[in-house]
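Chain IDs A, B, C and D follow the sequence of writing; residue 1 opens each chain.
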Amino acid sequence: ACGKDDKAADDKKFKVAMVTDTGGVDDKSFNQSAWEGLQKFGADNKLKSGSDFKYLQSNSPSDYAPNLNKLVRDKYDIVYGIGFLMENDIKKVADQQPKGKLAIVDTVVDKKNVASIVFKENEGSFLVGLIAGMQTKSNKVGFVGGVESPLIKKFENGFKAGVKMANPKAEIMIQYAGDFNKAEKGLAIANTFYGKGADIIYHAAGGTGKGIFTEAKNRAKNGKKVWVIGVDRDQFEEGQPQGVTLTSMVKRVDIAVQQVSKDTKEGHFPGGKVVEFGLDKDAVSIAPHKENVSKDALAKVDEFKKKIKDGELKVPKDDKEYEEFLKTLKK
Amino acid sequence: MDFLQILALIIPAAIVSAAPIILTSLGGVLSERSGVVNIGLEGLMMFGAFIGALFTYYGQEWGLGAASPWMSFVAAIVAGAIFAIPHAIASISLKADQVVSGVALNFLAAGLSVFLTKKIFDAGQTPDIQERINKGDIPFLSKIPLLGDWLFSSAYVTSFVAVALAVIVWFVIYKTPFGLRIRSVGEHPMAAETMGINVIKTRYISVILGGAFAGLGGAIYVATISGNFSASTISGQGFMALAAMIFGKWHPLGAMGAALFFGLAQSLSITGEQIPYLKEIPNAILLVLPYVLTILALTGFVGRADAPKASGKPYEKGKR
Amino acid sequence: MMKGRFFPILVPVFSVILGLIIGAIIMLVSGYDPIAAYGALVTGVFGDSYNLGETVRTATPLILSGLAVAFAFRTGLFNIGVEGQVLVGWLASVYVGISLDAPMVIHLPLAILAGALAGAIWGVIPGLLKAKFKVHEVITTIMMNYIALYGTNGIIRAYLLQPGERTKDIKSSASLGSAFLGELTEGSRMHYGLIVAIIVAVIMWFILWKTTTGYELRAVGFNQHASQYAGINVSKNIILAMAISGAFAGVAGTMEGLGTFQYMSINNAFTGVGFDGIAVSLLGANGSIGIIVAAFLFGGLKQGALEMSSAAGVPTELVGIIIALIIFFVACSYLVHWLTNRFTKGGKL
Amino acid sequence: MEYVIEMRNIRKEFPGIVANDNVTLQVQKGEIHALLGENGAGKSTLMNVLFGLYQPEQGEIYIKGEKVDITDPNIANNLGIGMVHQHFMLVENFTVTENIILGREITTGGRIDLKKAAKEIQKLSDQYGLRVDPYAKIENISVGMQQRVEILKTLYRGAEILIFDEPTAVLTPQEIHELMEILKKLVAEGKSIILITHKLKEIMEACDRCTVIRRGRGIGTVDVASSSPRHLAEMMVGREVNFKVEKQPAQPKGAVLEITNLVVEDSRKVPVVNELNLQVKSGEILGIAGVDGNGQTELLEAITGLHKVKSGTVTLNGENITNQKPRKVTQSGLGHIPQDRHKHGLVLDFSIGTNMVLQTYYQQPFSKHKILKFQTIHNKAKALIDEFDVRTPSIHTPARALSGGNQQKAIIAREVDRSPDFLIAAQPTRGLDVGAIEFIHSKLIQERDKGKAVLLVSFELDEIMHVSDRIAVIYEGKIVAIVDPKETTEQELGLLMAGGKKDKAGDKV
C-alpha cells in the first residue's frame, strides 16, 4: 500500500492547514490575516477549502497540541501554528512527528522541521511613530499594549523611536492593560491618555483596543480632534463613522504564509530557518487608507522607509536598543 | 497632575464602566429578592450583549440610524427576559437546584450566542457597530463647578439610565405592593401564599424581569464600550455584577454603590499608572488593586450580609 | 424499590441522551449533519489512542476541580474561586518543579504538595473572612480569582520569565508525564495525574463519610447552630473546608503544571478549569464517583468537539450548548421524578 | 341546623399515609370549637384543607350551607376564613404593619401608605384588645405579640371564621390567659373559632364543643360542658391516660451545679442575667418558672457555653466551667435538651441514626483514631430508638421527616443515654400530645431517681408544678424566690413571676 500512496502523492494536491489560537480566524488580527493568506494560496492553486486547506480553532491553550497533531497526522504538507503561544506545542509535535512540516508565526523554534516566521513589527511601528510625531498637536502621544511581552515590546519601542525621530520634544505615555480582551480597560486608559492631553494613541492590545476606539470616537463626536493608530490590519473601519483612525500598522501574515507555502510546495521548505518579514518584503507597512496622514508625514515615511531598507537605520526592538537609539538621536 | 485633575479622570471612567454592572446586578437583586438565586447573570448579560450587537447592526441596515442602539436595547431587554425563562422554569416549576440551573444558563449563553454569531455572520464576532451611544455634556448640570466636570461632562446617557433604574427598582421593591410581595416571597413564601399571593407567578415575574435587566446591561456594554460582540466580550462582568449584588446586600442602591466602587477601584488602578509616585508601583500590583480593595472594603466596613431567607430554596406548596 | 436504586443513574443517563437529541435537532435546523457530527465526536474521543489519551488528559484536572467545588458544597459553601486556586497551585508546583533538585520520589510529591498548599492558602483566605467577618464567600472567591490571575502573571514576569512568556520547563524529576504513556497513546500528553486525581477522589470520599472531621464538616454545612450546640468549632470547620477545597483545586493546577504543560505561561485569561469544575461537580451530584464520570463526559465532549469541527465542520460551540442542556436536565431531575411517579402511580398525582 | 362550616367526609393522603380518613367537622356560628388529637393525628392537615393549602382527595366543604371549592388560600380569605398557623407565617424582617397588609396593601398613588395602614391596624387592635406596635419588626417582638399579629392579619381581612392551630404551645401562662380573653371577645362579636390544642384544661375552660381525631379518623364530637378531661383524653388516645405524674419524694444530695453572681449581657450590652445565684442538687428536679424574656435563654446558653459570661462563675461537679467551650462543658457532665429542637437539637438533614451520636461521635466506641465506626453507631441508634419508642421507618430516615414529638424523643434519648450528672430540659414537651408528655416526664423523673440533677425550664405552670421538686422563680435576670411546689399555688407562683407588678405580662419589645 505504501508504494501506491507514494505514487499517488505526486499527483495528489499540496495540502496546507493552520491552527488558530483562541481568537479564531476572524479576530481581525493575525489569525484572520494568516487565514486570508491560506485562502489566497488555496485559490491560486485551485485547492478545495475544508479539505485541501483548512484551519482548526483552539478553544483553550491546551487545544493547540491536539490540533497541530491532528493536522500533521492527516498528512497536511505544512501546518502553521499562529502565534508565539504555540511555541512549546510546536516543539513537541515536531519531535513526535519528525516527518511533518511545521511553521510558527511570531517566534523562533529551533527544529529542523519547523520554519520560524517572524516580523519586524518595530519597523512598521517606527513608521506610524513618525506619523504620530509629525501630526501631534499637543506633543503628547500614547501607546497601549495588551499583555506585556517581547513581541508587544517591539511595537512599543519601534513606535517610540519613530515619534522621537520625528519630534524629539514629544512626550510618550505607555500603559499595558494586562489583558487583550477588556474593552472597558482600553476605554479607561484612553480616557486617561486623552484626558492628560495626548491626541494620538497607538495600540497593540487586541480586543482591549476596541475601548480605545470607542473613547476616541466619543471625543471626536464632541468636537475634539483625537486619533487612534490601528494595528495588525487596516483598522480604518473601526474608526468610522467619525474617522478617528489616523493610520494603521499593517502586519502581513498573509504574505508570509503564502510565501512559505509556495516555497514549501516548490520543495524549498525553510525548515530550521528563521524567515524574517520586514519593510523589505512589504510585510510590515502603513495601511492603504492614507487620507488622514499629512503629505509631510508621508514624505517622511518614504524617506525613512528607504533608510531602513538600505540598512542606514536600525530600528530598536527592545528597551535596551531603544536607550541606545535615544543616545544616537541626541548626537 | 493635581488631585482635582485626577478625580476628573477617574470618576467619569468609573461611571462608564459601572453602568452595565449596575444594570446586571439590579437583575440579580430582583431575582434573588424573590428567592431565586441567579448565578446565570453572566450568561444573561452575554446573551444581551449578543442581541445588542445583532440588533444595532440590523437597525443600521434597516436605516434606523442613531435609533439603532436604542432599538437594540429593547431587543436585548426582551431577549434577556426570554432567556431567563429556562432558568425560571427549571428553578421555580421544576424545583431544580438554582445554582445548577444558573450554571447551565451560563454555558447555554456562551454556546448559543457564539453559535448564532457564526451562523448569522459566518464569523466569530459580529461586525463593528457604527451607531453607538455617545458621550455628551448633560445640559446645565455639566456647568456645575467640579461636580459638573466629574459627573455630567462627557458622560453617557446610559449611565444615568442605569442610576435612574436603580432608584426605580429601589422604589418598586421597597415602596410598592408589588415589591412587598416580591420580598415576602423571597423571605417566607409559605407566609406569602397564605396571604393569597401567588408565589410561583411572583417568582416568574421577578426572574424574568431580572433577565431583562441583565440583558440590557449586556447590550449597553456593547453600545458604550466594546462596539461589537465576540466570545470574549463578556468575560467575568456578570460575576462582578453578582459580587456587586452581594456587596450591596441585595439592595438596589447598595448594588449600584458596589458597582460604582468596582468601577472607581478599576479606574484608579488604571489612571494610577499615569500618576507620579503611583507610577513606581509594579503593574501587577495595580492590576490586582481593585480586587484587593473590594475584599478590604468588605472586611472592614461592610461585613455580614444575609441573603433573602428563602433564596435558593424551591417552593413546594404545603411542604414544611 | 427498583426505581429507588437506579434513580441516581437514571437521571444523568436520561439527561445525556436528551441533550444529544436536542443537539441533533439544533444541528438539523441549522444545516449540519448530526450523524456525521456525532460520528466525528466519537472518533474524536475513541478514534485512536492519541485522542483517547488527550481525553483522559482533559478530564484529569476537571476531576480535581470538580472535587474541589463538591467538597465546599458538601460543607455548605460555594467556592467559585477554584479557578484562582488552580492558578496558584499551578504556579507553586512549577516553581518547586524548576527550582529543586531531588530524586523523583521526593521531588514529584513535593511539587504536588506545593500546589495543594498554595491552593489551600488561596482557599483559606475567603474561609477566614467568612468565619471571622461573615463576608460572603462568593464575592471573595470571585475577587481572589482575579488576584490569582494577575498575581501569578506578575510573579512569572518578575521572577521566572523565559522567552515565550513563560517559565522554564520543570525538571523531569517533578514531571507527571511519561514516555511510556506517550508511546502508548501515539504521543498524547496523557500523564500519571489521573492516578493522583483518583486518589484525591478517594480521599474526599473518605474524609467526608468515614472520619469525624467529615462528620463535623457536614454538620456545620447543614446547621451551624446545632453544630455549635454539639461542641463543634464552626469557624474552624469553615476554614478547614475551604482549605481542603482549595487544596484539591491546587492539585488540579499541578495537573497542568506537572502534567500537561510542564511549565506555566502568562495567562491572558482564566483557564476555565475551575468554572468547568462547577458544572462537573453538579453533574456528578457532588459525589466522588459521579464526579469522575462527569469529568470524563465533559473531557470527552470537549476533546471530541475538536474533531467535530475539524471533520464535520460543526462549530465547537454546539458542544457547549449540549453540555448546557445536559446540566439543565440533570438539574430538573424533579421532572424525571415526576414522570416516573406519574408512571408508577398510573397517572394519578 | 345550618353550620357555618361543614367539612364532610374529608380524605387527604400523603405519599404513604392517609392523614385524614373520612373526617367530618361541623362548626356552629359563634362557638369555639376544639379540635383534639395526638401528634400526627391529622388536625393541621384538616385545617390546611379548609384553608386551601391542601386539596382533599375526597369530601365536600360547605360554608354557611353553600358548597365551596377552596383551591387556594385566597379563596379561603374571600370566604371569610382566616388561619393562625401552628408555625407562624410571618416575614421576620418585615414590620408588623407590612406583615398584616401583605396582599391587601393600602396605597396612595401606587405607593404603599404605611401610615394609613398603621392607623387602620391600630383601630382593629383597640377594638379587640390586641396590643401591637405597628412599626416594630417581627424579629424584635415577643412570641405573644407575633401571635397577635397573626390574629390581626385574619381580622384585617375581615375573617368571620378563625382557625387557631396550637396557638398556646408557644405562649406563657399570662399570654394564654390573654388569648383566651381575646377568643371570647371574638365569639362575642359573632365570629366562629376552631381551636387546636393539646391542653385539655384550655378546652374545658374556653370551648363549647370538641371534635376528636385519632390516626386520621374522626372519633366524634362532644359538648364540652357534659364531658371531662379524662373522657376527652381517652377518646383521643384510645386508652386510659394517667394525668398525675407518679413520683416519690426527692432525695437531694450535694450540689452538682453552682452558679454565683452570674452576669450575662445580650448583644446590646444590656445585662439580661444579673447577679444570679442558683444551686441544683443531685437527685432533684429544679424547675425554673418565669415569664419569657427574663433571662432564661441567656442563663441556659451561659451554662452550656453558647453565650459569653460577663462575670460570675458556673461550676459543675466542682469544676469551673465559666466561659468554657460547649464541648468542654458537655464533657464535664452536662446534658442539654435544647429549647429549639430544629435550630439546636438536630441536624435535620442528617439521618436520625447519625443524629443520635451528635454529642459523642468523636468518642470511643463511635470512632477510633478519627475514623467513624458505623456498625457501633447504628447499633446504638437502633437501641435508643427502641428504648425511647422513637417512631421512624428506619435509622436512615432524615431527622426532618420525623414528627416533632418523635424528634423530641430522639433528642431526649441521646441526652439521657449519656447519663450526664446534670441535665437541662428546656421546654421539653412544647407542642407534644399528652401521651408523649407523659413519657418525657417519666424519663426526667427516672433520671432524678438515678441521682442526677435536672434543671427544668418551662412556661407551662402545670409542668413546673407537677414535675419539679423545687421551683426557682426568675425575674429580670435574678432568682427572686425559691418555693416548694407542694406548698404553693399557681396564683402565688404567677404573682412572683410577674415581679409583683401585674401589667408585666411578657410584652418586651
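Quick note on the criterion: a contact is a pair of C-beta atoms (placed from the backbone, for glycine too) under 8 Å apart; a residue touches a chain by one contact, two chains touch by 3 or more.
The structure presented is a predicted model; accordingly, all values stated were derived computationally and were not measured.
Novice: According to the touch definition, list the chains common to the neighbour sets of chain A and chain D.
Specialist: Chains touching both chain A and chain D: B, C.
Novice: Among the chains in this structure, which pair is joined by the largest number of C-beta pairs in contact?
Specialist: Chains joined by the most C-beta contact pairs: B-C.
Novice: Find the chain most remote from chain A, comparing centres computed as mean CA coordinates.
Specialist: Looking at centroid distances, D is the chain farthest away.
Novice: Taking the mean of the C-alpha atoms as each chain's centre, how many Å separate chain A from chain B?
Specialist: Computed from C-alpha means, the inter-chain centre distance equals 35 Å.
Novice: Whole-Å distance, chain C centre to chain D centre, using C-alpha means?
Specialist: That pair's centroid distance is 47 Å.
Novice: With chain centres defined as C-alpha means, what is the inter-centre distance between chain B and chain C in Å?
Specialist: It comes to 28 Å between the two C-alpha centres.
Novice: Provide the list of chain A residues touching at least two other chains, using ranges where the numbers run on.
Specialist: Within chain A, residues 57, 148, 178, 181 contact more than one other chain.
Novice: Show the residues in chain B shared as contacts by 2 or more other chains, in ascending order.
Specialist: 232, 235, 283-284, 287, in rising order.
Novice: So which bits of chain C are touching at least two other chains?
Specialist: Expected reply: 150, 153, 157, 269.
Novice: Among all the chains shown, which pairs meet the touch rule set out at the top?
Specialist: A-B, A-C, B-C, B-D, C-D
Novice: Per the contact definition, I'd like the list of chain D residues that touch chain C in the complex.
Specialist: Touch list, chain D to chain C: 304, 306, 325-330, 336, 338, 343-350, 354, 358-359, 361-362, 367, 370-372.
Novice: Of all residues in chain D, which touch chain B in the complex?
Specialist: Contacts found on chain D: 48, 51, 53-54, 72-74, 77, 83, 85, 87, 89-94, 98-99, 101-105, 107, 110-112, 153.
Novice: For a test of understanding, state which residues of chain C touch chain D in their complex under the given definition.
Specialist: Interface residues on chain C, with respect to chain D: 210-215, 218-219, 222-223, 225-233.
Novice: Going by the contact rule set out above, which residues of chain B touch chain A in the complex?
Specialist: 1, 5, 8-9, 12-13, 16-17, 123-125, 128, 130, 132, 134-137, 154, 221, 224-228, 230-233, 235, 266-267, 270-271, 273-274, 283-284, 287
Novice: Which stretch or stretches of chain A touch chain B in the complex?
Specialist: Within the complex, chain A contacts chain B at residues 23-28, 57, 148, 173, 175-178, 181-185, 187-189, 191-193, 195-196, 207, 210-211, 213-214, 217-219, 221-222, 237-238, 240-241.
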